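As written, the chain order gives the labels A, B, C and D, with residue 1 at the start of each chain.
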Amino acid sequence: MTVDNHANILVFSTEKISDPAIDLAGLLKKHYPASVVTISLPCSSAVKPRWILRAFDKGFNGVFIAADGTDCPYSNECSENTSAIVNKAQEMMKDKGLDPARLKMAAICSVCAEAFVKHMLAFVKSLSEEQEN
Amino acid sequence: MKNKIGIYICQCGSNISDYVDVEKVRDEVATMDGVALARTTMFACSDSAQNEIIEDIRNEHLDAIVVASCSPKLHLFTFRNVAIRGGLNPYNYVQVNIREQDSWAHSDNPAEATIKAVKLVKAGIERVKYSKALVPIDIPATNRVLVIGAGVAGMRAAIDLSSMGTKVYLIEREHFVGGRTSQWSRLFTSNETGEEVVYRLYNQVEKDPNITLYTGTELVSMKGTVGNFVATITITPRYISPGCNIDEDAELEKRLQKAIDACPVEIPDPFNFNIATQKALYRNFHSEFPVCPAIDMKSCTRCGECKKYLEYVDLDQQEETLDLHIGAIITATGFDTYEPEPSLYGYQTLDNVITLPQFKRLIELNEEKLTFHNRHIRNIAYIYCVGSRQTEGENKYCSRYCCTSAIHAAIHAKSKYEGINNYHFNRGIRTYGKQETLYSEALENGDVFLQFDEDHPPTVDLKSGKTSVTVRDILTSDHEITALVDLVVLVTAMVPRAHNQVAGILKIPVGRDHFFNEIHPKLKPVETVIDGIFICGACQAPHNITESTKSALSAASKANAMLREEKIKLEPTIAKISAELCTWCNACSEICPFDAITKKQFNGKDIARVDESICKGCGMCLPVCDQNAIELIGYTDTEIESMIDQLAV
Amino acid sequence: MAVINPEIRKEIEKYGIENFNACYNCGNCTAVCSLADENNSFPRNVLRNAVLGLEDELTTTIDPWLCYYCGECTSTCPREADPGELMMSVRRYLTTRYDWTGLSRKFYTSKKWEISAILLLSMLVMTLFIFFHGPLTTELTAEGGVKLNTFAPWKVIEMGDWIMAGLLSFFLLSNIGNMYYKIILKKKIRIPLKFYFTELWALIFNFATQYKFSKCEPKETSFFKNLKHGKYNYWIAHFLLMSGYVILFVVIVVFLSWFQTDSIHPWWHPQRLLGYYATIGLLVGITYFIFHRIKKDNEKSQHSHFTDWTFIILLLLTTISGILVHIFRINGMPYPTYYTYVAHLMILFPMLMIEVPFSKWSHLAYRPFAIYFNNLIIAAKDSKAGKKSSTS
Amino acid sequence: MTKNTVFPASYDTLVMGGGIAGEEAALNLADQGYKILMVEKDLSIGGKMIHLSKVFPTLDCAACITTPKVSEVARHPNITLLTYCDTKEISKNGGKEFEVSIEKKPRYVNEETCTGCQLCEEKCPVFIKDQFQYDMVGRKAIYVPFSIANPRIATIDIENCILCGACEKVCPADCIDFTQEAEMLNITVKSVILATGFKLFDASIIERYGYGKFHNVVTAMHMEKQLVPTRPYNEVLRPKDGKMPDNIAYVLCTGSRDATVGNPYCSQICCMYSIKQAQLLLGALPMADITIYFLHIRAFGKGFEEFYQQARAMDVEFIKGKIGRITEQENGNLILRYEDIEAGIVKEAEHDLVVLSTGILPDALPENLFSNQPLELDMFHFVKQVDELASPAKTSIEGVFVAGTASGPMDIPDSILSAGAASSETAAYLRRLS
């Protein structure tokens, strides 16, 4: 938990598509809580479910996959692949008694700065509310 | 594991240090295990700072470095080079983004931004600790380029590539080269005609043994990666056998005309933006290139009438498919002109409302007197920004060329015909640079300019047979002003090609404006995120001809530099299979979009094998492996998990 | 709803201006103009209406008359569209529009018409003299002067003067009435009666002094500094010319019996002093204008319409012939006196009849009236605004 | 007295000018294996761009984009860099090559040994105004041009130097050399790229704007220096009294689109750099009001219109109307008189700082640079592009190409593309030669 008591979120972004959007959000000085941190991968379909579980283990309140969606430079099936990862991870979360809503995924295009910030604000809010309850 | 790590925290002038307490960050990370030194610097990317890092590497015998500065998209390679010059392996370097994703994003909260910066830098240190020295993979590359689109940009790129020693396949979807330029006819600023420019370029293309031109040809699929693409193209035949060269044979040309006249099919003529009609057997203009007619098989009835006059007609020609082996691709697919929605400004509801491209063709089709639908045209209204700078619609961008183009057309019309009055209803004329002189010329010619803002567009009315355009004119203290006109020209936007399957096949990302996106307008203006695929001309953004040519030549220069050595260095970040863990379940091979994974025998069992030259390092195979037998170099479990541990603190 | 009319632009181009369509509407001209203010923001508005050919807007505007052609707009125009000369041309255009007889338009747009009219009126004067002149006596007065009143008895001349003055006033005043109609009545501006009296001083003052010609100069500099640096020369030239002109007009039309005497008064006599002042005033003024129009050394003298030249030349000839009449008369030279006298009237009569109501001179009347009308409009607007604010 | 040295090498291409266009062209060619000589007349390379704050419409910091290119040029094995040198004459010899004579001006500092430690600067007793900071702060008679200059070595401004020798005593590398003289270098090249850039319009020519007379009327380049990360005051202040301005006016088309000063063309960049500065100023001075007086907003490039709309959304006020004249009040504030075109009414507005967005002019090439075959210029004295549509880098002399703003106004992306075109055409030309 950081000073402002925001929920901690780990974002898996992608180097070519969603990370530029997150950069753009900064460039445009669109603010979101600093409790959001990012690890950038080549593609959103490369996130191992064990990493997600590790993040929850280590104290993250939420994990967000900023997916390439249809913009993926590698494959047309990227969206499906990423969804499969999310499903697999959520199954594993359930087994561990974690709320699957703490893992979210959305396609973030390379200029979707605004969308990214909105997702973050909403996710932080929902996670924080959940904590209070 | 690295244990003599150098940390550099950039202030980026004040971009970072205004919000992130860089001194504090340095103090926090300096005490971490394995950190040999930690410094702050004003501009890490400046030459002097780079030299300092190099000296540190040498003097302090650093085994890894971390630079916390801007996005790696800007300077990853800058600092990898610094590492190399210092004698380090470039992959023992990690860049941490504390500008775009920290100081700027959290400029509202410096305290938290500083905390986040500490976490990010620590994660970067963890990552670099486990980093391995990697060597880029050299793969052989084909010094041949596929240029898509034989407009001015495409032809120009092809010509220069060939002069620089690269072989070129130039493909064009239409049966004739020249693209939009051939349709524009008279051009600014040189007042050459499109035909003249196209003719000059086509002549060079045709003579050049290093350029192979395919017309009527489309890209249908593409495989492989930079240096070794295989592009599949299909060639639609002209249905005219070779040798039908009208240029040298007046008698043949007469027969061609008879054949065209004999054709019973009449369809709208896209070359003239549908203000005229053409036959199924057609040519574009009198010096079209290649100088040979073509048959549009989609509308042809195969009645054979034309063959009676033109023996070259061969309706039995077949579509061909070819595989081209190439090292890089330059797309120069150009643009479409915006099609206004019906009834906007009377478009398609009034018979005297046309678009600017149609108007330009109209000027070409009318020699003595300007007439349209049998009406003698004297007074012409031009309504600007149709499809550009929209507040409601999707096209937020300015189409750049249209102000100048419309003014140029107005000047042309006025000089060609008697008694023309031009009324320009615009949203602020944007004749940038030397094109301003055209605006001056139009004014001095007596053209009237009226200006409106986005909320009060002009209205076009038809009253008792008279077309009137009325606007609240900003230049006349917002008073309503009306012009009575014979023709309304809608100055339409440049939009991305509607039927452009190239983007899908090549997977080129598009921007918010739906044009192809470059990596960075200043650093990498013609490169795309896909290695080996370049963009130029109006498929990237609205451009005029000169600007298109410039970007085409830039792309040619980059493509040549990439391929001239006939080898390409590839990133070593590829998937690696653990032979012990792998049990060959086929999941990875199935999901791999590049077919880089195959089965092989190892110590008596089947395991997966990654082809280094094909693997793009996307990592899609990682999560599907139930044995966790695959790791992506640079993104190994130890690296990612140690980062997670640091970020979670 | 105003409809663009390219014909009006062509019409205005007949009055001298060449390239005002080069304007890209930056507003620099209005912004640099020392005479423009929030009530009358010219010249761009006038130029814009001219470009669009909005006849109604053009003929009902007062702004061209408030422009005194300082030239700053033209010299700083980034498009070299010459807004100063445009205002001049619009003034000529307006003169022809105020004139209901249509003669003015003929004179402004056709040299042939103007010269023919002048010659016709000259011939008329000559013809009248041929048939009705008095005896050509060579006998001198006791003081040695020519007996001019025998050749041309002041009573007869005065009758002619009155007829002429009557006609002239009729045309000029009816044109001013037309101007009043276009600027105020047509636009349905309601002006409380009292302002017609309270603002009257502005008309008289400006008519008598043509003071506004001095307003081109920035307010920051002091009057004497401006005077010393020759910044008021243009106004002074107008003032001298105008006052000389008015004095001569008044003494000729109203006090001819006193002015056209056979006796030779001593030099300090008011009759002679007045005459000399007026003559010198005219000469200085005319010389000033001719000099600058030939030298083209400032913006306002860059362009000379043929009507500008006609007026100055007629005025110069009138003055010179008047001086000659005076010299010949007091020196007892009967025939030269009679001939120059006839010539003088042959120039004077067309000069007055054509220039005053129909041509160049009329601006000296339209300008003060414009100021007067403008004051009325502003006073009415202010009082309306005042009433509004007091009731609210 | 100048001594003549025969420069040891000949080159494939001479690149005149070390700005962003020259750098891009040189790097492209050098990457293709050609030997390049870059000649820069100033003390360091990087051109105008290295002095800018951020660049539109991406708001990247300008230094972050130029410095890597600058260092790459300085380091590239195929590029030889000469700074502080004037190209005096280029003449085509009998064959296809050009003979170039270059004057190497003396720095009075040994370039090889100077480390840029700046100890000399500390000791130098002479204070003068610093042209690189637009006279906002002083510099010494011996100086390193600016912090990220390349090469980062000291130079003695001999006109202001009092020859006291203080620098000589303190220099640890012993590199001060008052005996240096101008040197002439004669070299041979196969081709030439002109990337000589532009200069800014001198705003004092328009007297009614009071630049040079009123303290608080500044140019956009002056403002740019206040907005760069290495800015002298770390604040945006107005010159007269150091007050933080809170009502700033931008006057567009100062010296552009203006026949009275001989520049009828549009400078193409002023609208956008003014909008950029307005956005940056709103970051530095969040409470300030910013008004941009414009004729037409020329936001035509990729992302420009969106950037303009963003400024409007940030409450930057845009008023259509050219400023007629500016007068100064006693407190240093300025009254701007203009016609508000939309209202059709002449108005006056008070601002406490006025920024003149000055246009760009061709930077004149030395007279008779090309001694035996004159180079054609266009009607505005930019280098003429003889085949603008199909071959935009071509000039009237075969083997001489043009890149960047030497051929006309353009922004940075356009300059880079134009440099790409120049390098491509040069490479094609060189290949045809061999």
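Simple rule for what comes next: a contact is a pair of C-beta atoms (placed from the backbone, for glycine too) under 8 Å apart; a residue touches a chain by one contact, two chains touch by 3 or more.
These numbers come from a predicted model, not from an experiment.
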If you tally contacting C-beta pairs, which comes out ahead, A-B or C-D? Let me know. A-B
Innermost chain, taking as reference the mean of every protein Cα atom displayed: D
Quick one: chain C and chain D, Cα centre-to-centre, how many Å? 56
Rounded to a whole Å, what is the gap between the Cα centroids of chain B and chain D? 29
Centroid distance [mean C-alpha coordinates] between chain D and chain A, Å: 44
By the touch definition above, chain D meets two or more other chains at residues 58, 257, 320, 341, 344-345
Please set out, as single numbers or ranges, the residues of chain C touching at least two other chains. 24-25, 45, 79
Going by the contact rule already set, what residues in chain A reach two or more other chains? 27, 29
List of chain A residues in touch with chain B within their complex: 2-4, 8, 10, 15-17, 19-20, 22-27, 29-35, 37-43, 45-51, 54-55, 58-60, 71-78, 81, 84-85, 88, 110-111
Chain D partner, complex, touching residues on chain B are 11-15, 42-43, 45-48, 50, 70, 74-75, 78, 152, 156, 159-160, 163-165, 187, 189-190, 192, 197, 200-201, 388-389, 396-398, 400, 428-437, 440, 474-478, 511-513, 515, 520-523, 525-526, 540-542, 545-547, 549-558, 560-561, 564
Chain B - residues contacting chain A, complex: 71-73, 97, 99-109, 111-113, 115-116, 119-120, 123, 507, 509, 511-512, 517, 529-530, 573, 591, 593-594, 616-620, 622-624, 628, 632, 635, 637, 640-641, 643-645, 647-649
Contact residues on chain B for chain C in the complex? 421, 423, 429, 439-440, 443-449, 451, 468, 470, 475-477, 479-484
Under the stated contact criterion, what part of chain D meets chain C in this complex? 208, 253, 257-260, 295, 320-325, 327, 337-341, 344-347
